[in-house]
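To start, the structure itself, in structure tokens.
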Amino acid sequence: MDFQTFLWTTFGVFVTLSIFSFLYKDNPFYKFAEHLVVGVSAGYFVIILWHNSLKPNLFLRLADGDWYFLWLNSSAPWYIIPAILGALMWTRFSKDYAWVSRWPMAMYIGIATGMAIPLEMSNRVNKQLYAMMADINWENFFGHGGFDLFDTLSGFSQVLIFVGTLTGLIYFFFSKAHTGLFGGMARVGICTLMIGFGASFGFTVMARISLFINRIQDVDVWRQAAFDSSNPGHHAGFYVVFWVLALFVVGYTVYEVASHLMRKQAAG
Amino acid sequence: MSVSEKLMRLDRRWVFLLLIVVCVFTFYADFQIPILTEPESEAIYEFIDSLPPGDIVFIAIDYDPNAWAELHPMTFAIAEHCWRKNLRIIFTALSQNGPGMADQAIRDLSDSLKLDRVYNGVEFKGREIVRGVDYTFLGYKPYYALVILGMGQDFRLPFPTDYYGTPLDSLPMMKGVFNYDQVACVVSVSGGTIADAWVSYGQGRFGFPLFFGLTGVMTAQYYPFLGSGQVSGLMGGLLGAAQYEELADNPGRAKEGMRVQLLAHIVIIVFILLGNVGLFVSYRRKLKEGR
Amino acid sequence: MKRQLPFVLVFIFGVFMVFQYFAPHEKSERIYEFFLDWIYIIGTFALALGIWSLFRVSVDKIKNHKEAWRYSYVTLAGLYLMIAFGFTQRVGEPWGWYFVWLLLSLVCLGSVMQARAATSTGQKKKYAAAALVALALAVVVALLDDAWAFYFYTAEGLENSMFRVFFDYILIPILATMFSLLAFFIASAAYRSFRARNVLASLLLVAALLVMMRFNPWIPGAEQVARASNWLMNVPNLAAQRAIVVGVGLGMVATALKVVLGIERGYMGKG
Amino acid sequence: MKNKCLMAVVLLLVGFSGVAAEEEALAGDTLVTDPMLLFPAPVTNLEGRDSDNDHGHSVDLSWELSPDDGAGQRSVMKYDIFRWIPTLMDSADVIRSAIGVALTAREVDEVPGADWNDTLRFLRDVLDTLIVQFPAAHAAYPNDGEWRRVGMVPSGEGCFEHSGPKDRLSSDFLPDYCDFRFRVDAVTSDESIRTSSDVAGPIQCYGQWFNSGRKPVLVGVLVFGFLTILMVSRARKGADLYVRPISGIEAVDDAIGRATEMGRPILYVLGLGTAADVATIASFTILGRVAKRVAEYQTDLIVPTYDPIVMSVAQEVVKSSYLDAGRPEGYNEDTVHFVTQSQFAYVAAVNGIMLRQRPATNIYMGMFHAESLLLAETGVEAGSIQIAGTDQIAQLPFFIVACDYTLIGEELYAASAYLGREPVLLGSLKAQDYAKAAVVMLALLGLAASNFALPWFVNLFHVID
């Protein structure tokens, strides 16, 4: 790691800590990192969409045409239509002609919703319905090899899944009040949903903690690089940079805690 | 504010602070936690542990670098266990981006094998791991289903030479080793559909004992094979890797990760319980006042 | 024309796409792919509107000295630099006057913003003049300097080392850290909300606690807890998911049908 | 100029083919011969037919396994599938590579000043004329062509789908309406010891206009569409429709009132969906209702967006809502603004808005991913009332835990009908309920059918993609 890379890595650590400082409260460092990432990411997507979307999907398809024929002599001249529609979106820059942009928006929404109707019907309704019509495992109804409540493949569990799904669906009925037997079934349904949500929440905790561990590791890599004198690019400046950032973080923390205590004293 | 209300309305920043302190502390601290082992991973450990020295274990490193975090610890734990037991290993990497990673893992492992260690109370002297004697790394070939089938006839069909270009016949450990018949078991550490091919084309045709190491997400899908006996043992995700490390008494990356996970989970559980204790106490007080 | 045509267009395209799904023929597939490209192309053209909106809001903040207005300069500088890096690349080893050019064009951008944000005409003129001077200098530098060049049609800019550095050491750390804040928020949300206030809340609490303890070796009956949490994930959770998926599917199809048939027009502000 | 370009293309092509030949020679060297092997028995009953329900560039082959596969000598390792290919198709391949070379050359402009576009158009014309001759060339079997391997399957498998892309520029392009002829070799572990089957053919492939595997979906869409239209027209005629109360939706009105009282703005987040996602479209209609109330109460509204098209549509929605409320002058262009298209950068910015502008109410409706909890927890810190609705199952637990009210899945799609209270829209809710009832009944019937061995009933619902 050379000195320049180390400086950039240090900056990466600095913005990492700036974002973490949000956990305490909003502060100038978080504001800086937040505004920086909004600008940089917006710029990044401009570049990526230009090179990865506009170029292959539009420019390259019209590329064998000539501008003085309006690209009509290219091998896919019909790609001029979406280009024109895209350009129509720009009528939004003007107040008087902004209504023209409703046409491309309408086509966009028409294509999207039309695509969604059969696709969602198939994936979310037909296929789920088919999956519900399963063979119940009657031989091992209470678990494989003796009574076992927590056997996920037993017939008992399959029946529970089926009942849970049906009562869950009943909970979503809009035009019938949740009273009587119907209300009871809806109640079973919402209970199933809540157990499912609780389990899913508890299961996700592990993945989220891993994210934090990864951040600790990244900062640790930086710390090791600062003190790793066996690194051929190592430089006395590494220590200076490390201690400047470390002292700065400690100093700012002390300042925040002190001002918090002073405010508290003034209030009390 | 009464104690019960304080318990219920703790500033959330105390939760954050405690979580940061615990995570950072356990990340750097050096202590061990017990890992609860499950029969699925015990089956793999016990099978390999019972093999006599000199037997051959086949380890397929069938994952890409994106499943590295979960699956690499498994490869390390199993291979080190085998070599400490003086077993011999045949490696393959049937995933396109796997071979370089597998090669790196083998070199890292042979470094750690040079040290003296005590596992489960047994002392193991450090030794040099020799290519062609202790292990053979066959490398990568496309069309994994055909490779798996071909190796059932003879390893030399898909792999005339090993990964480093040496003909298999000139490697001492491959003398008299032709196909799965000379191998004690196959362990596929897999991050994708190659696992399916090992079941249907490998175990289904040639009937060797098959063990899996899988990513956490995949695990549930492969439990049915365990029930049907096609797969004899299975490790799922970081937790499975940690279980193997626990069984082999060889704490590594997986246990390190699980250590932070366990303490972080406990912190969260303790806070949930505190909140509920507060709720319970204030509820009882209200009942009393009501009377 | 202004009001009705959009709904007619939605109907025509919507109905066509519904029937396209059932026709696997090559011609039908080609039209499908063509329409998919439309969506990408229209979306990319619209990005110009988005960037313009970001610029306007930032300038507005500066003009009215809204809270944290000074940081808007950071946003716009980051935006401009990233775009500039993405379209330029050095030709040989040295960077030449590249950074001078970057600075000049940043000054130009800043002056344009100040001109827009300025309240008095005199100030406006002063900043506009500064912007023009900076622009002229930047153009001169760009024309005379051969060490680097613009690349719009080819993707050299993606290899620009400054583009990479901004991506690796600014974008990735900040985004990853934002994501990792979830570790803390999941803890605080659990602490605040998992209270056994009523039956539903208790079920949520118990299920979450069981699953969170699935690998905890220090609790009694640890093995059964692990099995129970596995069962919770694969039985009640699966049932809940399936019920929601079917409901959502019907809701989606109903909404899409209403849109295509023109029953629901609220999405175009008429409802 | 055109000739110069062509010359360059041809020169480059010669270079390429040399490399390819070298690679093939290398592959041939690695064969290992086993003297013990005998020739296996051939496969029988080789049949081919056009694949069902496809774009027309695919053939399904099936055969009976060689007696030496898994039985007999057990020597069959795999089957090689051969197709008779006329030499004309090689000429087409040459043109395709030339087009590829010309495309790359145009990108890097290796020959300055050359007009690659002319060359490309010329080459594409040549390719088109060649493709027109494909059927005739296939009909000339067995003249001017040769057998080539087009695929392989491991032993034990008796079928193969030979398919290619529909793109004529692809070298794997499989022409439709041509008389194909196929042959299958049973191959032992020694590549040179193999037995060929009889030739099957002629077989043509062509595209279909209706995917019969998707019949259940078509029935579903038609029935549900009919039901919706029926219910809506009944509602138009004035039928009284009951809908049960949903607390999350009723809270929206109170929340707007609360914001007005406190003099603080309302934050409306449309999520990470694009305008092509139905959840976002549902969210637009809810935004319209909210914006109308907001305009009437003269409260501030903040709508940060993630996608520029979503921004444009949302601007139209909010503008018309202000117009409908009779306060067009209250509409500000920057009410709906763009932030960035990066998930967590967007979250960082919205979190900043929450902590600095302290909205009284946050409404999250639409598609949400991992950012759901980041937003909702910051909203709690800012002291806002929060109402969420999403169809993303994985995010629902987090919204339920952190928000005051959550619309679960389908409730999001019902919300706009509830808020509008228009009988027409309530009619479609009724249709959804009937559909749900049908799903419940069919699931019960299907479960019974499946367990009493009536597979034909279950198969009625099987969608084959």
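Order as written gives the chain letters A, B, C and D; numbering starts at 1 within each chain.
Here is the rule we go by: contacts are C-beta pairs under 8 Å (C-beta built on N, C-alpha and C of every residue); 3 or more make two chains touch, one makes a residue touch a chain.
The shown structure was predicted, so the numbers you read here are calculated from the model rather than taken from an experiment.
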Maximum inter-chain contact count - chain pair: A-C
Most central chain, judged by mean C-alpha position against the global CA mean: A
Where subunit B and subunit D are represented by their mean Cα positions, the distance between them in whole Å: 34
Interchain centroid distance [CA atoms averaged], subunit C/subunit D, Å: 21
Approximate Å spacing (C-alpha centroids) for the pair subunit A, subunit C: 10
Junction residues of subunit B, two or more chains touched: 12, 16, 23, 261, 264-265, 268
Two or more partner chains touched - positions in subunit A: 19, 22-23, 31, 33-34, 37-38, 40-42, 44-45, 89, 92, 102, 105, 108-109, 111-113, 115-118, 120-121, 125, 129, 132, 152, 162, 165-166, 169, 172, 193, 197-198, 200-201, 204-205, 209, 212
Subunit D, residues touching no fewer than two other chains: 214, 217-218, 221, 224, 276, 278, 281, 309, 312-313, 316, 339-342, 344-345, 348, 352, 356, 393, 396-398, 400-401, 408-410, 414, 432, 436, 439
Subunit D-touching residues of subunit C, taken from the complex the two chains share: 18, 21-30, 39, 42-43, 46-51, 53-54, 56-57, 60, 67-68, 154, 171, 174-175, 178-179, 181-182, 185-186, 188-190, 192-194, 204, 240-241, 244-248, 250-259, 261, 263-264, 266-271
In the complex with subunit D, residue positions of subunit B that touch it: 12, 145-146, 149-150, 153-154, 156-157, 160, 201, 205
Interface residues, subunit D side, partner subunit C - complex: 53-57, 107-108, 166, 176, 207-211, 214, 217-218, 221, 224-225, 228-229, 232, 274, 276, 278-279, 281-282, 284-285, 288-289, 305, 307-309, 311-313, 316-321, 323-324, 333-334, 337-345, 347-348, 352, 356-357, 370, 373-374, 376-377, 380, 391, 393, 396-398, 400-402, 408-410, 412-414, 416, 420, 424-425, 428, 431-432, 435-436, 439
Contact set on subunit B toward subunit A in their complex: 13, 16, 23-24, 27, 69, 223-224, 227, 257, 260-261, 264-265, 268
Subunit B residues touching subunit C - in the complex, by the definition given at the top: 8, 10, 12, 15-16, 19-20, 23, 33-36, 38, 220, 239, 258, 261-262, 264-269, 271-272, 274-276, 279-280
